[in-house]
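So that you can tell them apart, the chains are marked A, B, C and D in the order they are listed, and the count of residues begins at 1 in each.
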Amino acid sequence: MIKTISGMDSVNTTVLGADEIILNMGPQHPSTHGVLRVKLKLDGERVAGSECIIGYLHRGVEKIAEHRSYQQFAPYVDRMDYVAAVSNGLGYCEAVEKLLGTEAPPRARVVRTILTELQRIASHLLWLGTHALDIGALTPVFYCFREREEILKIFEKYCGARLTTHAFRIGGLQYETYDGFEEDTKRFCNDFSKKIDEYETLLTENRIWVGRTKGVGILNAADAIALGVTGPVLRASGVKWDLRKAQPYAAYDQYEFDIPTRETGDTYDRYVVRMEEMRQSRRICLQAVENIPTGPIMARIGKVLKPPPGEVYHSIEAPKGELGYYIVSDGTTQPYRVRVRPPSFINLQAFDKMAKGSLIADVVAIIGTIDIVLGEVDR
Amino acid sequence: MGHLIPQSIMPFVLPVVYAVVIVAVLPLLAGYIVLMERKVMADMQARLGPMRVGPHGLLQPIADAVKLLLKEDIIPDKADRLMFWFAPLVSVTMALLAYSALAIGPAFQIADLNIGLLFILAISSLGIYGIVLGGWASNSHYSLLGALRSAAQLVSYETAAGLALISVLLLAGSLSMKDIVQAQSDQGVWFGFSVPFGFFIYLVGSIAETNRAPFDLPEAESELVAGYMTEYSGFRWSLYFLAEYANMVIVAGIATTLFLGGWLRPGARYHEQIPGTSIEFLDALPALLTLGVALYCLSLVPKQPVKIQKIVMALVAGLCVIIAGVLAGALVAPPAVMQGIHGAFWFMAKVFAYIYAFLWIRFTFPRYRFDQLMRLGWRFLIPLALVNVIGVGVAIVLRQQWAWGPIVSLIPTTLATLGVAMLLAKDDAPVSEAQTADGE
Amino acid sequence: MTQRLKARFGDAFREASLDRKQAIVTIALEQLREISRYCRDEEKFDMLVDLTAVDWPKREKRFDVVLNLYSFAKNERLRLKAHAGETEPAPSVCEIWPAANWMERECYDMFGIVFEGHPNLTRILLPDEWQGHPLRKDYDILKQDTDWVRENLGIESGQ
Amino acid sequence: MQTLNQALFIFFAVLAVASAILMVTRRNIVHGAVFLITTLLSTAGIFLLLQAEFLFIVQIILYVGGIMVLFVFVIMLVDLDVSMRLVQFNRQWIVAGALALVLAAQFLFAIWAGRGALRLPAMAAEISPKNTEAVGDALFSHYMLSFEIASILLLVAMIGAVVMAKRRVG
């Protein structure tokens, strides 16, 4: 009967029952990918139950949206999932374009697709690096960041910012692609396939890595759908569903790529699915860069946007899952209500089901494998 | 000089001098191993590692030492003061004590105990107290959990490492370090090659014993913060740190002596000489190597940005030149002296090679979970070590009964052990009964 | 699909409309749970994509509880809307779609809509002792939790 | 060499007795355990003085390295709450005191009777340096039977432990 447990930050909590102890993985825990606090009810080494306490990073984005014009709100969208800012932007811009009933010109749509796919690779790279670091492999994180740096350089050349890029505007693009954009992307994609093989050799057949991830945090297909889980986590449980194929947006319908899925839905499968997704994204980029159509980059919409009253729900396939925007407009320049459907927030709900019965060391791996970003969870 | 010291304590003078040298050199050595680790880690991760303090970060260990000395030394309030102060001492003394039996060169050995190897094993097993008491004394749940886990890990992996050593002792026939190396030079083959499985098990066991690489679960950052060292800070923490690195060097020393032929020069048998001189090429190698390093350092001197770094780099180059001179001088000196100095060089070279292997493994493998760690230890390593010991025993019988050559007799048993290893490793799951049937 | 719904639920089924080519069905709040169950079982809308609310202070039934559903089989989306009054409790759909658990808690946290039948209806994003529901239209954006700041930090919040 | 030998012997003897007394009187369990370890180490030191290195090593590995680790494990795992640290003296110490006196009397008598024969060993005859082999030979030749019995006993104990552990977990 071990006495009180003090987490990193929290106050001591006294002991429960016979040998059940509450262990606090506090907001400052090194491996909770941000300010997430998990209250674990432990029975010896096993996790009997867990409760995620979130809200430390809540900035009230939806309330702010009601007091900003459509264009002014666009940069806020990048601050939610700060690891995949470009795809947030794409989601929001396309939702508003649907609200206005217009379409971005073909050239803009293709460039948007390329940048979103590059952002997906960057987001997966960051996930892989931190996930491997949590499980103890010290080297992959540096390899991943080296590749991610290349992508961020392309973003910086294109729109001046690396992380919260605000790369797209409602109706199309603000900037024409800088000359050499195609070469940079092609060069990156070409040597990226060798790099992915590097990670694969380091991790995929690594006995310890397999030992630490196989059979950990299992989520079967039925639970996944019931819990509303989307993205790589859902595909790893065996559901072959990707919004880019099911309901194509931007220019995804012009390229062929396949959707990786696995069956058992454990941490190893999610790892394999995400690695395969990176390869597919690379394929899309290569196809897209081949023939970027010429033409205008901005649809003809006025400076002041006054969408007709009504509502729209538009969602895209963000790196973490289905990112949806439900926008209600009352005909003024400011949206009446913007509701963001955050993939990380809903995927995190599945954490309790995955963590039950696992060991403390696995909790860290499970948090990593769901790939959450607290900016998006708390909004 | 002999007559100066009274006769009664004559036999103690040389060991005391060696002991003082080792105790003085060790913190420095530990610091530079840390630097080596950070540099190698950086090199593997496509980055540079510490470059700021001194040329190429060479003065980094000194900076670390000074920092640790100046850092405030916090003792948790409800901690058990006596134990809190006593625990790191236990760790460090045990680590230093184990050096007494280590034979660095034929001449350079503090005490040639005829139970040398056993002595080192016993002393390093006492190191556990430092960890367990430290965990208990800092009175925080995290360190207690970490301490218990690392103690359990040490105990279980010591058995595996011990069994691996036994298989070598069967061949060497004696416990004293000198005799083991002598046996290796007599048989003309390093035990690492004649008992490959023993070497493999010992490598894994020693990594686990010093809490490093894939087995560094007790201080796994992600779960239990820093294990038993959580509450320690400043100089006290550096004692633990020193003990860990000293243990690493001891374990490397044991492995070199038993498996890599101690101070024997690699390729002891072929003797072609440098034309026109009587010096064998391989003997001249150490001198040439250090000379090469010296020249490289000299070439770096102009490139150093800061003036002070130029001086330091020049000093380093000078040091290398002196070592090269000593090594070259030893060539012409009488064989005993040459053997002593070159022996020490080869021994240190092998120890650093072994440590490099430690670092390499550390940066490629993720961390084991605690139950996997235990399963690997108890269900894979120890049975394999047992089978290995039986195998070597059978080999010796073969050699004595039918006078097969030392190598020939070992081949069948090594293959048998290989078979068992595959069997055990096939399913990481519980060990099947088949493993006892072996050892024909 | 609307005919089947009208036949099945009669008056509970208010009206069906299309806004920007997206199907919206407005239903009575009381029938929300039965209709949701029907949609999931018969109509194969097996995933609750999103559950949220919109505040229309001028209407007497002030809140719109909005459920976005998606069917893997038919690759279709449907939006259920139900009008709920200020203090009127809405039936919780947690048993039908476990995904609704946190979303309903967030709606309660932000709007104050009580979902009866919810396992533990507590605030999810804001600190537990927070007063007021921020996303309501009458909740001024500048209003800060001044007493929390005074009590914990001992200073007057500058807002 | 002679004086140094004696000096070391006295040092170890005093250390052993002192830490034994300290061990008994300590309130803090862990301090007690540490003093017990020092007692065992000092007896090991005395073995070394008698040139019996194998015994010295076995003492260290077995007692201090093995059994005492388990002691410390048990102390730490079973979280003794504060009450255990209070003074534990109850009536029984009178009985213990009497027994100790009787024992002391026997010792004194033995020393007094054998006073003549007792001479500090000048310098133990040089036992063959390789006493490890000596112990090994003896163990496997004369005392083969007892060695086998002991090993079977240990085996049984191990299996018993495993079975008990399995039942608790199962």
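The rule is short, and it goes like this: a contact is a pair of C-beta atoms (placed from the backbone, for glycine too) under 8 Å apart; a residue touches a chain by one contact, two chains touch by 3 or more.
Computed from a predicted structure; not experimentally measured.
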Chain whose mean Cα position lies farthest from chain B: C
B-D or A-C - the one linked by more C-beta pairs in contact: A-C
Distance between the centres, which are taken as Cα means, of chain C and chain A, whole angstrom: 24
Distance between the centres, which are taken as Cα means, of chain D and chain B, whole angstrom: 31
Intercentroid distance (Cα basis), chain C paired with chain B, Å: 64
Per-residue multi-chain contacts in chain D, two or more chains: none
Residue list for chain C, restricted to those that touch at least two other chains: none
Multi-chain contact residues (two or more partners), chain B: 144
Residue numbers on chain A that touch chain C, as the complex places them: 54-55, 58, 60, 62-64, 66-67, 98-99, 101, 225-229, 239, 241, 246-247, 310-313, 315, 322, 324, 326, 328, 336-337, 339, 341, 345-346, 349, 378-379
In the complex with chain A, residue positions of chain B that touch it: 41, 44-47, 140-141, 144, 214, 216-217, 220-223, 225, 362-372, 428
Complex contacts: residues of chain B adjacent to chain D: 8-9, 80, 82-83, 86, 113-115, 118-119, 121-123, 125-126, 128-129, 132-133, 135-137, 144, 147-148, 151, 155, 175
In the complex, chain D residues that touch chain B: 1, 3-4, 28, 30-31, 34, 37, 53-54, 57, 60-61, 64-66, 68-69, 72-73, 75-77, 129-130, 132
Contacting residues of chain A [partner chain B, same complex]: 2-6, 8, 30-31, 45, 132, 134-139, 142-143, 146, 202-203, 206-209, 211-212, 359-362, 364
